[in-house]
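Two complexes follow with chain A in common, the first pairing it with chain B and the second with chain C.
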Partner chain A sequence: MPRIFINGHPVEAEKGQTVLQAALAHGFFIPYFCWHPALSVSGNCRICAVEVEGEDLDIACNMPVREGMRVLTDSEAVQAWRKRMMQFITLNHPVDCGICDKAGECTLQDYHYEYNGEPSVSREPKVHATKFFRLSARVLIDNERCILCSRCVRFTHEVSRSRALGIQNRADSSLVRASEDGRFEDDPYSDNVIDLCPVGALFSPSLLYRHRVWYLQATPSVCPGCARGCTVRIWHRRPDWALHALDGRQNEAIARVTPRENPAVNGPWICNKGRDLARIFERPRATQAMLKGEPVALGTAVDAARRLLEGARRPVALVSNWGSNEELEAFQRALGGRVRAFVKEDFSPAPGEPVEDDLLIRADKNPNTAAARALFGDAPPAFEDGTDLLLVWGEGLDFSRLPTRVPIICLNAYLQPENGHADVFLPVSVQTERAGHYTNFQGVVSAFEPCFAKRDSVAHAESLFAALASPPGPSP
Partner chain B sequence: MSWWERMYLPEIVRGLSITGGVFLSNLWRWATGRKGAVTTFYPEETRADYAPANRGKHILTRRPDGRPQCVACNLCATVCPARVIEIEAGFDPDDRAHPKYPLRFEIDYSRCVFCGLCVEACPEDALRMLPEVPDLPGHDRDRMWIGREELLDWSPRGDVAKPYPPGGEQVRPGGAH
Partner chain C sequence: MSGGKLITGFAVTATSHTLGEYRARGGYQALERALLGMKPEEVTGEITASGLQGRGGAAFPVGRKWSVIRPDDGETHYLCANADEGEPGTFKDRWVLENAPHLLLEAMLIASYALGVRHSFVYIRGEFDLAYRRLAGAVEEAYGAGLFGKDIFGSGFSCDVFVVRGAGSYVCGEASALITSIEGKKGYPRNRPPRLTVRGLYQKPTVINNVETLANIPWIIAHGAQAYRTFGTTKSPGTRLVSVSGHVTRPGVYEVEHGYPVGRFIHEDCGGVLGGRALKAVIPGGISTKVLTASEIEPHRLGHFGDCEDRRVLPQSAGIPHLEPLVFEGESLQAAGSSLGSGGMIVIAEGTCMVRVLQVMLRFYHHESCGQCTPCREGMGWLHRIVDRIVSGRGRPEDVDRLYEISRANDGTTICGLGDAAGYATVGILDKFRCEFEYFIAHGRSRYDGCLECLGSS
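For the complex of A and B:
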């Protein structure tokens, strides 16, 4: 445990740590662009330079701690150095923060206010480069904004291992480019480079100019895309910035999804499927309770389902593995004693989707199979003779595979043709409308919180189960 | 209340004589060609006593080619204390200098407080306020939004601070985009 001094304060550093790591771990901030805790040291941005008493300035990200070293992170020499480095880094930067989607969460912008704050010293015209250059269908690059920190390049070499990005040419004509064989297109983790980019050089064409970041708020959530259960942040419009004249659907839409760092599950990354959660949650929703396809009030449908359950002698339930731990337990508590329950696979891998890899993606494309199987066993659904009621919770089930002439109670959140074939259909809420927990395949439990308010015409499955188990009310 | 006040009718007569007196004196002044009450016949007539510094109408300036100067940066919408400005941005990859432009630009005049912070915040001199009063009356508060086309519909010939276009050709309303 080498003992070092940062700005005069004694700090117990870990052996093998760099000065930057030791300083950040003990609350001393040193600015950095190219360094990233999960990537190798590149040392090209030079902004993290610190002064060691009795020595020259050097970069903290590549300086191993030595017993007794006295580091100054904010001396006059360091401040002057940072200012010069900021002038150099922004030499050809277009400073188009007004129309840059990164503005508001941009490291370069923050550091400029913190460490430089002055106009450019250069009188030379800025070097122009390609803007909106397509690295893949999901990632564009503005080479004028790029500060060549090489984080994205190192990410594709060290983490996603597609080795798809590189830097061409030299000096101020350097350009980050994707390999021509389309590897970056196929990289299932490519969108992480957008978060990694310390400036606004890399961005997603689908989100371009849609939002300014300060209009958004992040709700902690869990990606339901596979059994890994990566912790994510779901960004959506802040209620106090709700739109009135423009399209009001934006107030209740997912703006973007970013990883929420979690060393136990996903580290700082998520895959591209997790970025596209809007494609899962913003499918057309089922909002109308139905009896044999005929719209009825939710309470009427619940009563009908309750009577069916009362009269059934051998009911079978297919339980959704998209249900949260709370919902699964509520099901077990309310109906577990009366209903034979099997775990249903709501989703199987879509055509063309990466099935499994050694980084994050798992073959089971459902978030809570582990908790569902722990409660209801892992036997495949079986319908023995005499089954006289089916309760189907969730989607992805072909009703033609079910025994015929058996009444069906169906709980689903999305508009699907099967809903109308059920004897009783009850619309339920989706993950972005409720709080809960998922247990991933390793047994790690992660919590998610609601982003949007639930509509009155749909019910939380958790309260439906309790209502179904309670004694029947007066029949209408 | 005193006994006299509880009699009711005398007090009613006294009140009516006050309002009736004001009415009749105003009527007499009006009939003899002088200014009576401060009533203005809005909207045919606007008040004459607005301060010369009053700025009551937003406008969006145009670039020489007729496109809006606005780059949809949302700084005006962000600084607005009443949060009445909403902008939907469009993307034009062919316009290298101005790839972001406003598809829609909406100001809610039912909530605007005419503080002018939006004009101060604008980095492009795209938003200004004129010493006019917009045509505000309406039957529905939710329909007092003024949109992009009306904001852009401004003839800048008489503006000395920023003549448009900088040299020569006349700007036609309703240009590109």
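For the complex of A and C:
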């Protein structure tokens, strides 16, 4: 454990650490653009300089700690160095923060105010480069904003391993480009480069010009896209900045999804499916309770379901592996003793979807199979003779494969044709409308919180199960 | 004449580069001597004792570099000969490659033996054509004669050589970029640490030496370090290949013994300044070394700054005044604030516009900056654009100070030496010829336009 001194304070660094790592670990901030804890050291942005007493200045991200070294992170020489680097970095930068999606969470913006704060000293015309250049259908680049930190390039070489990005040309004509064989298009982790980019050079057409990040709120959540259960942040309009004049649906829409760093599950990354949770949660919703396809009040439907359950002698339930731990336990508590329950796979890999890899993506495309199987076993659904009631929770089930002439109670959140065929249909909430936990394939439990309010005509499955088990009477 | 000849001491003919003639001159005897009569450490010891310094630009002691490698530590080691020779004004390695390719190959075998290298590489500048063909031919000849491959001279030592052609990038001559290029990646220099002798090519300990540096080795092994030290000076032993170009009567490659006066070399050996004009300045060792004025080269004749009639501005970073004539020796040039660099000497005659000289140099650095690190990527273009603007007649009074600032902001802040060197070169010219810039800015034209005939200059 080498002991070093940072700004005069003794610090126990770890062997093999760099000065930057040791400083950050002990609460001394050193600015950095190109360094990233999960990528190799490229040491090319040159902003992280520190002074070691008695030596020349050098970059901290590539400086191994040495016993007894005395590091200054904010000496006059260091400040002068940083200011010069900031001048260089912004020399050909368009400084178009006013129309840049990254504004508000841009490292360059922050550092400019912190370490330079002055107008450009250059009178030369800026170097121009391509804007809105398509690296893939999902990622665009503004090469004028790019500060060539090479994080995105290293990500595709070291993490996603598509090796799809590189830098063409030299000097101030350098351009980040995707390889021409379309590997970036097929990189299932490509959108991580947007988060990695310390400036607004890389951006998603799905967010472009739609939101200013300071009007957004990030709700901790878990991606239900596969059994990895990556922890994410779901970004949506802050309630205190709710839109009144424009399209009100914007207030209940997912603006974007970003990773929530979690060493136990996904590290700092998620796959592109996790970015597209809106495509899952914002499908047309089922909001109307029904009896054999006829709209009824929610309470009426619940009563009908209750009666069916009470009268059934051999009911079978197909339990959703998209249910949260809480919902699954509520089901078990309320109905587990009376109903023969099987775990149903709500989703299987979609055509063209990456099935499995050695980074994050798992073949099981459901978030909570582990918890569901722990409660209800892993036998495939089987319908003995004499089955006289089916409770189907969740989606992804072809009703034609069910025994005929057996009444069906169906719980689903989305508008799907099967809903109308059920004897009783109960619309339920989705993950973004409630809190809960999922257990991933490794047994790690992660929590999610509600982003939006649930509609009154929709029930939380968790409270529904208790209501179904209680004797018929007033609705829940 | 400019002293003893250790590398060029034979008559160049149409066949003097062949294996037969090289052997007739005593070639590959040093290799035999090393392989059969010396231990690897003894070879390194001899090189260390000779005081041989690198000729690629930094004058790093070869023995010190080699001593980091433990030839018998069981690790894979690599040797790369740096034949990229990209420094403007420098073309002395080409002479070795074209006229004595076997000298390089013999040296690489000796060095490989000393360093425990099984596979060695030559990284040769892509633009070299004859040099490449001669080298490739020599490799064929050497393999044919059993000089490469397994069990050379029955010594049990085996070594192979690979010739890798560059693709025309200056920065790939920088040792770590060269390695990266050999690995098949874009030629970006690497940060140190780790040093290349610790983790170099394919992450293995690697020694990189300039072609001329290596070309000295067979002589040292054949004759011994003591004999080598009788050439040159105590601090800079041996000789040095100097490639001379510019406004000079007899441009070409010369072998000059260390200690030889620079002024005498230009005026006598090279036949003086072209067209009999006065000497204005000399870039001593490739454009990355600081320019020297005529009076710095021959202060004993011209007096210090004596020739600067209307150039009498005290330089901002003047070297230590010295009235000794400048000689080919690291220390002498260092005292004058410059260095021997890569031995690429550019002679500049009176009447040359130094603003345009700087413009040409900055165009080069701007074009060749790899673009990896911030100060060089942005600074080279910035410097270039400012000087371009001055030359187009739209200079501003603050430009000179800005050029200084940008140059200094590259000093010690970059990954490799390119950004630093461009800064030194710029500061060198500004220090000594600031008034030319001020004139150009004030009048919108060069002080030399229409004043002097520039015979033969291009």
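Here is the rule we use: the second predicted complex is superposed on the first by the 473 of 476 C-alpha atoms of A that agree within 3 Å, B and C clash if a C-alpha of one lies under 4 Å from a C-alpha of the other, contacts with A are read in each partner's own complex, and residues count from 1 in each chain.
Methods note: contacts are C-beta pairs under 8 Å (C-beta built on N, C-alpha and C of every residue); 3 or more make two chains touch, one makes a residue touch a chain.
Owing to the predicted nature of the structure, the values given are computational and were not obtained by experimental measurement.
*Asks:* I'd like to know which partner A:41 touches here: chain B for first, chain C for second, both or neither.
*Replies:* After superposing on A, A:41 lies in contact with chain C but is clear of chain B.
*Asks:* One more residue to check, A:98. First (chain B), second (chain C), both or neither?
*Replies:* Touch status of A:98: first partner only.
*Asks:* So, A:127: does it touch chain B (first), chain C (second), both, or neither?
*Replies:* The second partner, chain C, only.
*Asks:* After the superposition on A, what does A:453 contact: first (chain B), second (chain C), both or neither?
*Replies:* So A:453 meets neither chain B nor chain C here.
*Asks:* A:137 in the overlay: touching chain B, chain C, both, or neither? Say first, second, both or neither.
*Replies:* In the superposition, A:137 contacts neither chain B nor chain C.
*Asks:* When the two structures are overlaid on chain A, which partner does A:25 contact: first (chain B), second (chain C), both, or neither?
*Replies:* neither
*Asks:* Classify the contacts of A:210 with the two partner chains as first (chain B alone), second (chain C alone), both, or neither.
*Replies:* first
*Asks:* Is chain A touched at more residues by chain B or by chain C?
*Replies:* Looking at chain B versus chain C, the one contacting more residues of chain A is C.
*Asks:* In the superposed arrangement, which partner chain does A:245 touch: chain B (first), chain C (second), both, or neither?
*Replies:* A:245: touches chain B, not chain C.
*Asks:* Both chain B and chain C contact which residues of chain A?
*Replies:* The answer is that chain A has no such residue.
*Asks:* Considering the complex alone, what residue numbers of chain A touch chain C?
*Replies:* It comes out as residues 41-47, 49, 56-57, 59, 62, 64, 81, 84-85, 87-89, 91-92, 121-125, 127, 147-148, 150, 166-167, 169-174.
*Asks:* For chain A, which residues count as touching chain B in their complex?
*Replies:* 98-99, 131-132, 208-210, 212, 214-215, 240-241, 243-247
*Asks:* Give every residue of chain B touching chain A within the complex, in rising order.
*Replies:* Those in contact with chain A are residues 71-75, 78, 83, 86, 88-91, 93, 96, 99-100, 104, 106, 108, 123-124, 142, 145, 147.
*Asks:* Using the touch definition up top, name the residues of chain C that touch chain A in the complex.
*Replies:* Result: residues 169, 171, 186, 191, 193, 366-382, 385-386, 389, 396, 402, 409, 412-415 of chain C touch chain A.
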